[in-house]
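One chain, chain A, links the two complexes that follow: it is found with chain B in the first and with chain C in the second.
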Partner chain A sequence: MESQFLLAKAKDEEIATKGECGGAVSALFKYLLDQDLVDGVLTLTRGEDIYDGIPILVEDSKDIISTCGSLHCAPTMFGDLISKYLTDMRLAVSVKPCDAMAINELIKRHQINEDNLYKIGLNCGGAVMPISAQKMIEMFYDVDPSEVVKEEIDKGKFIIELEDGTHKSVEIDELEEKGFGRRINCQRCELKIPRNADLACGNWGAEPGWTFIEVVTEKGAKLLNDAKKGGYIEVKTPSQKAITIRGKIENAMIKLAQKYQEKYLEENYPDIENWDEYWNRCIKCYACRDACSLCFCKECDLEKEFYNDEDAIVPDPLTFQGVRMSHVCFSCVNCGQCEDVCPMEIPLAHIFHRMQKKYRDKTGFIAGVSEELPPLYSPEKE
Partner chain B sequence: MMKVAHTICPSCSIGCGVNLIIKDNEAVGTYPYKSHPINEGKTCKKGRDCFKIVTENRLKEPLIRRNGLNQSSWEDALDTIASQMKSYPSQEIGIVVSGDYTNQEYETMKRFAEAIGVGNIGCHTGSVPSEALETATLYDMENSDFILIIGDVLKEYPLLGRRIILAKENGAEICTVDTPDKTLTGINSHRYLQVESASTIIDEINHNILKKLNPNSTVIINNLKSEKDFEKILNFFGQSGAKMFPVFQDCNSRGAMNILPVLSEDDLRDLMEKVKILYVIGDDLASYMEESLKKLDFIISQGCLVNETTLISDVVLPGSCWAEKTGSFTSTTGKMQNISKITEPPGDALDDQIIITKIAEKMGWEPEKLGLDPEKTGPDSKR
Partner chain C sequence: MSSEEPKILGFCCNWCCYGGADTAGTARMQYPPNVRVLRVMCSGRINPAMVLKAFKEGADGVFVGGCHMGDCHYDAGNYKWNRRAKFIEDLLPEFGIPKERFRFEWISASEGEKFQKTMEEFTNTIKSLGPLHRSFPKVSKKAQIAN
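Moving on, here comes the complex of A and B:
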């Protein structure tokens, strides 16, 4: 269908106030649950503090209120959470672009049934690692991180709000130059508006108190229409100016991502000696594999006898990371989960992302976005 | 129904945060807990697999030995224990505990032992001597100029290993001492010194290494079989002013040592010589001390898993695993971290403090007098 732009907000006052940008996303979730169009909503809730985003499955629409508001310090991944544990449910899920990319690759591989899923996309400029966020707030804002009640990212700044209502902000560029700010994967990510979901929602170009929504699929369009008819949201058309502003923000962020790709995947890319040092630390704990949404095989080749090298102090990188790379790097969505969970701090996503980029340049296949499977994909394991 | 809940990994003493995934009241997996300060969402394989402890190999009913081990009721099991315990003088009763119970449970065990007059109680939890309580933090370690490591820490405690890697990336010099030709920690160190045995480290360590030890350095000590060696090494390196980082064995070894007497293997053997009836909580004594157990008249074992000790016990009490209780663990660096109950124990298994309280009651003690929480045994407690 033709892309379509809308501004929307929740009609329910509590959701409109507590939700981000007028609570349109929360209102859509409430609608889907109330109308029994889904069995559950998979989204994030705030845990102990603003640095603690926990996946939550909401089955009663009364509980949607607990998931209102955005959390930028929660680099979570929903792809494998759905394919491993929730395939028996009709779901609505809030997706960052990387979640949507992983989910799409899993749908193509028949690990998730698209018919059972509403993907409500959230525009994403990137997430901040929670511990790094706390260090950063201490160092650059001179604030005790536990005193921060809210954080947001706006106009290139990471902004914190304290209990007394005061705001403090620092340019993200400055933070990132010093090794803080967004996760390195997020810095390199070019997909800021999830046009691989049913709807792409966010604040770019939106008026205060409204969510800017790009309608991507028929399913998304129907959902918006029905929720409006049902009295859950109100909508209006954004001005041409708003659409232009949003486009400019997106383009600027994509350009920045490309600059960071150049920086991390070419200029500062680890050389072969660095990689030798990194592989030398591997404890073969399989954390990278287990965190990878795309590594979905029930029987993993890496555990087969012919790759068994238990006597070796470190696994042969060719028959461990090399095999994994040969299986999934074409489809790497640069979500960075492998690198996040590696106990030995091996910069795995750098090599996987770099390989996917090269593959993309040669074949045109964009992992998580292209509708087809990667060329040469083998369905043997499905 | 699915929920993702915070907990602390029970697999070792580092104290990593883990999220348990509970689907339809059953632990089915783990999910990275990235806001946890110790491990930031990273875990080793044991940490990622810790959900299996909740479901695999669980004890679900009390057992009594009558022509072999047979299922019994709680009433019958508790009556049997009470009458056995009453039939021996208290100096012939022993209590041995493992290092993976909560601080609150250790307090309860201590009060129970005091009430029934049992002095032969203790915790066998590795070889760290009990006075080794002034220790370095992870932060100290990561900011050290020089780290001396005894043992293969990267392999055995990967999330402590990670801090060593970060310290190295920060410019720290890393030196490892161990007995094999080659270890993972060794190949990731600037220098590797192979020694004959743990007891000869002090004799074999060279002057150049000792020169580098000062208050900006850390000595990590892991995997020493004997407490005497541990003590010797701690004292020797401690003189240099370097920060000491002994690696405790279990998830709450350090907490146990703060509350209960510590038993070395020799102490354990002595204890079992003295007593006739032994109440084993958690520890799989039969896996390393079967001979000593054979001399006992009566063995009561309490725990969440079926192990070798279960099989030779006279009464077996099914307890709870860490995910089924609320309390705290003290990590290897002395950091106390709370855990909350996430799931219910399976079958007829009960909370361990409830079990202890019930035994005390059967022996004629009122729970309040033991300082035990009567609510734990009230009608609202499970079953």
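Moving on, here comes the complex of A and C:
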């Protein structure tokens, strides 16, 4: 269907004030739970502090209020949570673009049933690692990280709010030059508006107190329409200017991402000697595989005796990461989980993302966005 | 064979390339003895992991021969292999193995001469590249022991 732009906000006063940008997303979740259209809502909530975004399954619409507000220090993934633990539930899930990409790849592989799922997309400029957020707040803002009550990314700045209501901001460019700011894989990410979900919601181009929504699928359009009829949300049409502004922000973000791709995957890409040093660190803990949003085999090839060396601790990269790459790298959604969880800090997402880019250039297959499976799965004679 | 001679592993599909090698053999066509032929039922049965494992075990080059397009005994196996082979060409350099060390070709059972020529060419390529010295320490140590 042709995409359609809307501004929306929650009718419920409490959700509208506690939620981000008028709480339209929370209101949609409340509607879905109240009408029994879903059994649960999978989303993020604040854990110990603002640096602790954790996944939560909400089954009672009264609890939705606890999930209101945005969190940027949350490098989580929902795809494998659904395919591993929640396949028997009808779900609504708040997805950032990489979540939506991982879910799409799993749907294509029959690990998730698309009919059971409402994907409410959230625009995403990138997530920040909790540790690096706390360090940079100490260093650049001269503030004790525990005193920060809210964080926000707006107009290229990382903004923090203190208990007394004062705001402090630093340009993200400046932070990233010094090695802080968004995660490296997020800096390289080109999908900022999740057009692979049912709805894509965000603050770009929105008026204060409203959420800008791009309606992507029929399912999303119906949900919005019904929630409006049910009195959960208020909807209006955005001005042409707002649409233009949103487009400009998106383009600027994509251009920046391409610049970072060039920087991290070409110019500053580790050479073979560096990689040998990285591979030598591997302790074969399988964390990269376990955290991968795409790996779903019950019996993993990597554990087969065929590839194992009796006396070696460090696995040969060819038959460890090489084999893993030959299974999933063409579908890599660049979520960065492998790199995040690696205890030996091997920059895995770099090599996986680079390979998916090579594959994309040759075949046109974009992981998480293309509707078909990668051509490597094709039975066609071509 | 001296240790200077390159080791090449050749996967040949049962219906075409292996037949081609047979034809070359029965017609007494000379080709370098560096290639160790491993018969598989179809080139579509070969996955990237097998090629990676061959390099890990010390092969200096890996060759894969399948049927010509349209001739696959199992209809589309060689088309699937073709897609995989192109992917392998992209993957190997990431681990420091030049893609010239990996070659795939379509050879029918009657093309003994093509098999002979391909083996000569490929062996010369590998000889000019020299033995594969992977910088990954564990392997170089193993290679030392083997020599």
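Keep in mind that, in the parts below, the second predicted complex is superposed on the first by the 376 of 382 C-alpha atoms of A that agree within 3 Å, B and C clash if a C-alpha of one lies under 4 Å from a C-alpha of the other, contacts with A are read in each partner's own complex, and residues count from 1 in each chain.
Basically, contacts are C-beta pairs under 8 Å (C-beta built on N, C-alpha and C of every residue); 3 or more make two chains touch, one makes a residue touch a chain.
Keep in mind that what you see is a predicted model, and the values were worked out from it rather than measured.
A.B. asks: With chain A superposed, do chain B and chain C clash or fit?
C.D. replies: They fit: once the shared chain is superposed, the two partners occupy separate space.
A.B. asks: With the two structures laid over each other on chain A, which partner does A:F306 touch: chain B (first), chain C (second), both, or neither?
C.D. replies: In the superposed model, A:F306 contacts chain C only, not chain B.
A.B. asks: Is A:N280 contacted by the first partner chain B, the second partner chain C, both or neither?
C.D. replies: Once the two structures are laid over each other on A, A:N280 reaches both partners.
A.B. asks: Pick one for A:Y232: touches chain B only (first), chain C only (second), both, or neither.
C.D. replies: A:Y232 sits against neither chain B nor chain C.
A.B. asks: Does the superposition put A:F180 against chain B (first), chain C (second), both, or neither?
C.D. replies: It touches nothing on chain B or chain C.
A.B. asks: Which partner does A:R354 reach: the first (chain B), the second (chain C), both, or neither?
C.D. replies: Only chain C is touched by A:R354; chain B is not.
A.B. asks: Where does A:D290 make contact in the superposed view: on chain B (first), on chain C (second), on both, or on neither?
C.D. replies: Only chain B is touched by A:D290; chain C is not.
A.B. asks: Tell me the contact category for A:G322 with respect to chain B and chain C: first, second, both or neither.
C.D. replies: second
A.B. asks: Check whether A:Y141 is in contact with chain B, with chain C, with both or with neither, and answer first, second, both or neither.
C.D. replies: neither
A.B. asks: Could you say whether A:V314 touches chain B, chain C, both of them, or neither, answering first, second, both or neither?
C.D. replies: In the superposition, A:V314 touches chain B and chain C alike.
A.B. asks: How far apart, in Å, are the nearest Cα atoms of chain B and chain C after the overlay?
C.D. replies: Here the least C-alpha separation of chain B and chain C stands at 9 Å.
A.B. asks: Residues of chain A that sit at the chain B interface in one complex and at the chain C interface in the other, please.
C.D. replies: 280, 314
A.B. asks: Using the touch rule from the top, collect the residues of chain A that touch chain B in their complex.
C.D. replies: Within the complex, chain A contacts chain B at residues 40, 47-49, 51-57, 59, 73-76, 81, 84-86, 129-131, 280-281, 283, 285-287, 290-291, 313-314, 337, 340-345.
A.B. asks: Any idea which chain A residues touch chain C in the complex?
C.D. replies: Within the complex, chain A contacts chain C at residues 272-273, 275-276, 279-280, 301, 306-307, 309, 312, 314, 316-319, 322-323, 325-326, 329-330, 351, 354-355, 358-359, 362, 375-376, 378-382.
A.B. asks: How about chain C: which of its residues touch chain A in the complex?
C.D. replies: Those residues of chain C that touch chain A are 47-49, 52-53, 55-56, 69-70, 75-76, 79-80, 83-84, 86-88, 90-91, 94-96, 135-139.
A.B. asks: Where on chain B is chain A touching in the complex?
C.D. replies: 1-4, 6, 19, 21, 23, 28-29, 31-32, 34-35, 37, 39-45, 48, 154-155, 158-159, 161-162, 165-166, 169, 182-184, 187-188
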